[in-house]
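Order of writing sets the labels: A, B, C and D. Residues in every chain begin at 1.
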Amino acid sequence: MTDQLAPEIEARIRESFAKQPMMETVGGEIVEIAPGRIVIEAPIREGLRQQQGFAHAGLIFTLGDNAAGYAALSVMPPGSEVLSVELKINLLSPGLGRLVAEGRVLKPGRRLVVVAADVWGVDESGARKLVAALQGTMIPVTV
Amino acid sequence: MTDQLAPEIEARIRESFAKQPMMETVGGEIVEIAPGRIVIEAPIREGLRQQQGFAHAGLIFTLGDNAAGYAALSVMPPGSEVLSVELKINLLSPGLGRLVAEGRVLKPGRRLVVVAADVWGVDESGARKLVAALQGTMIPVTV
Amino acid sequence: MTDQLAPEIEARIRESFAKQPMMETVGGEIVEIAPGRIVIEAPIREGLRQQQGFAHAGLIFTLGDNAAGYAALSVMPPGSEVLSVELKINLLSPGLGRLVAEGRVLKPGRRLVVVAADVWGVDESGARKLVAALQGTMIPVTV
Amino acid sequence: MTDQLAPEIEARIRESFAKQPMMETVGGEIVEIAPGRIVIEAPIREGLRQQQGFAHAGLIFTLGDNAAGYAALSVMPPGSEVLSVELKINLLSPGLGRLVAEGRVLKPGRRLVVVAADVWGVDESGARKLVAALQGTMIPVTV
């Protein structure tokens, strides 16, 4: 893969991302975008926590799913939208700080795109701790 | 397992659930509670949708995770809290209507509790469609 | 689904199964075959054990994968072969006795078939214990 | 992690590996061993193939499981054995050539060790293709 994403593909990803009310609810932002690789950041808003004050697994999953999904979309043919087929998440440490989700393509394909994502918790000093690892499958759908 | 949950275990589950800001954000409610089995319902709020207007996979995961987690907690020793170790989700159809997540214990254990959850979409006529199937692992933690 | 499998589909499954050298190596046999549901049995041969004398996770996976895969093939169009896209296995108890793997279709589909399988250990008295639960995705391929 | 594995831990891994009849059946050999990282190689023996002549998913899983499991054992306290709790495998391309499974530790822990493994197919020229990616959980057991 080249390092530069075609402008129409980047536009398609940003447009799809902007149309997700969920990303507004969680405060998610795309901070890196490259072929087969997307990084999304979000704070841990009060309303998205679990009973002990950490990020709810559902928030961690949401960010990992989106990072992986848009990484997949970046290698799909023009005119595609992306659908999550399945994802597996291992939760490694409590979600604390600012969350950074890095999605990447393990294997592109016409019918299926295999993806992975890591979700990190970053504290105020910039130190990062791995919060979750995801692995899964995305498919292109025609819109 | 017997059909009746000990009152202190039911209280522990309801208390933990009530302490999750995430459940308030998604409008989740426990509608059934039995040993090894919890059912949670939630609407698909506007702010929790993806780009095509369906429930975001993150919302579906959140409900399945909670139903599976509290099903696990229902078979854990008194004084435990529950932590999600890992979960696998297959997304089967678009999330539409009212979501109903049914968590169940596949195998209780002292160190690990293996769980599954189904998430259904229920339309206004009451017809239900399977939206997602989850399988995973929970552990008890001392609080 | 009806209870009776079309004869040409049953023949296709039995033919594909018979062409797998792995099934001969593990001593696997189809013992039930219905639309969306296949049951395979196998002994735990000496050479397929792990370091403590139990069935190797790889043997348990092999049987669950095949049961799930042929359950998927039973709902695929004529002329298809089946390919495992991904599978998740939770190992619940040591593999002992005779292994029985029950595969079933959670959701048929033109592009993807979502499947599950349970693998049981059955002792000489006929008592069964759940050894593993699998969930995954199969796709049709043209041969 | 340091690059050098303590001799007693290396001995424990090699001993456990040697006691697995399954590894003899598949012809598996440890080719690299370091803290949190194990590489296993095996040919694709005729009897371990599927209906199209490729490596059976069960063989690929077996090697990935063992590489991940022994990577986990390398970070466990003395006197432990390792047990696979759960594993997720994505199959990326047909298993061809000589199989090389690289297991690694994503997160060590007292109660749980989170692991990953990649399985490669290597042809006679030495070119390698990613055949499968695994992610899962191992636990220590006292023997």
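Operating definition for what follows: contacts are C-beta pairs under 8 Å (C-beta built on N, C-alpha and C of every residue); 3 or more make two chains touch, one makes a residue touch a chain.
Nothing here was measured: the structure is a model prediction, and the numbers come from that model.
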> If you tally the C-beta contacts for B-D and for B-C, which one comes out higher?
Replying inline: B-C
>> Just to confirm, which listed pair, C-D, A-C or A-D, duplicates the contacts seen in A-B for more than half of them?
In response: C-D
> Any idea how many Å lie between the Cα centroids of chain B and chain C?
Replying inline: 28
> Could you state the distance in Å from the CA-based centre of chain C to that of chain D?
Replying inline: 23
> At what distance in angstrom does the C-alpha mean of chain D lie from that of chain B?
Replying inline: 33
> What parts of chain A, by residue number, touch at least two of the other chains?
Replying inline: 85-86, 88, 90, 114, 136-137
> If each chain is a dot and touching chains are joined, what shape do you get: line, ring, star, complete or other?
Replying inline: complete
> How about chain A: which of its residues touch chain D in the complex?
Replying inline: 88, 90, 92-93, 106-107, 114, 116, 130, 133, 135-137
>> Show me the residue ranges of chain D that touch chain C in the complex, using the header's touch definition.
In response: 16-17, 19-22, 24-26, 46-52, 56-59, 61-63, 65-66, 81, 83-91
>> So in the complex, the part of chain C that touches chain A is made up of which residues?
In response: 85-86, 88, 111-112, 114, 136-137, 139
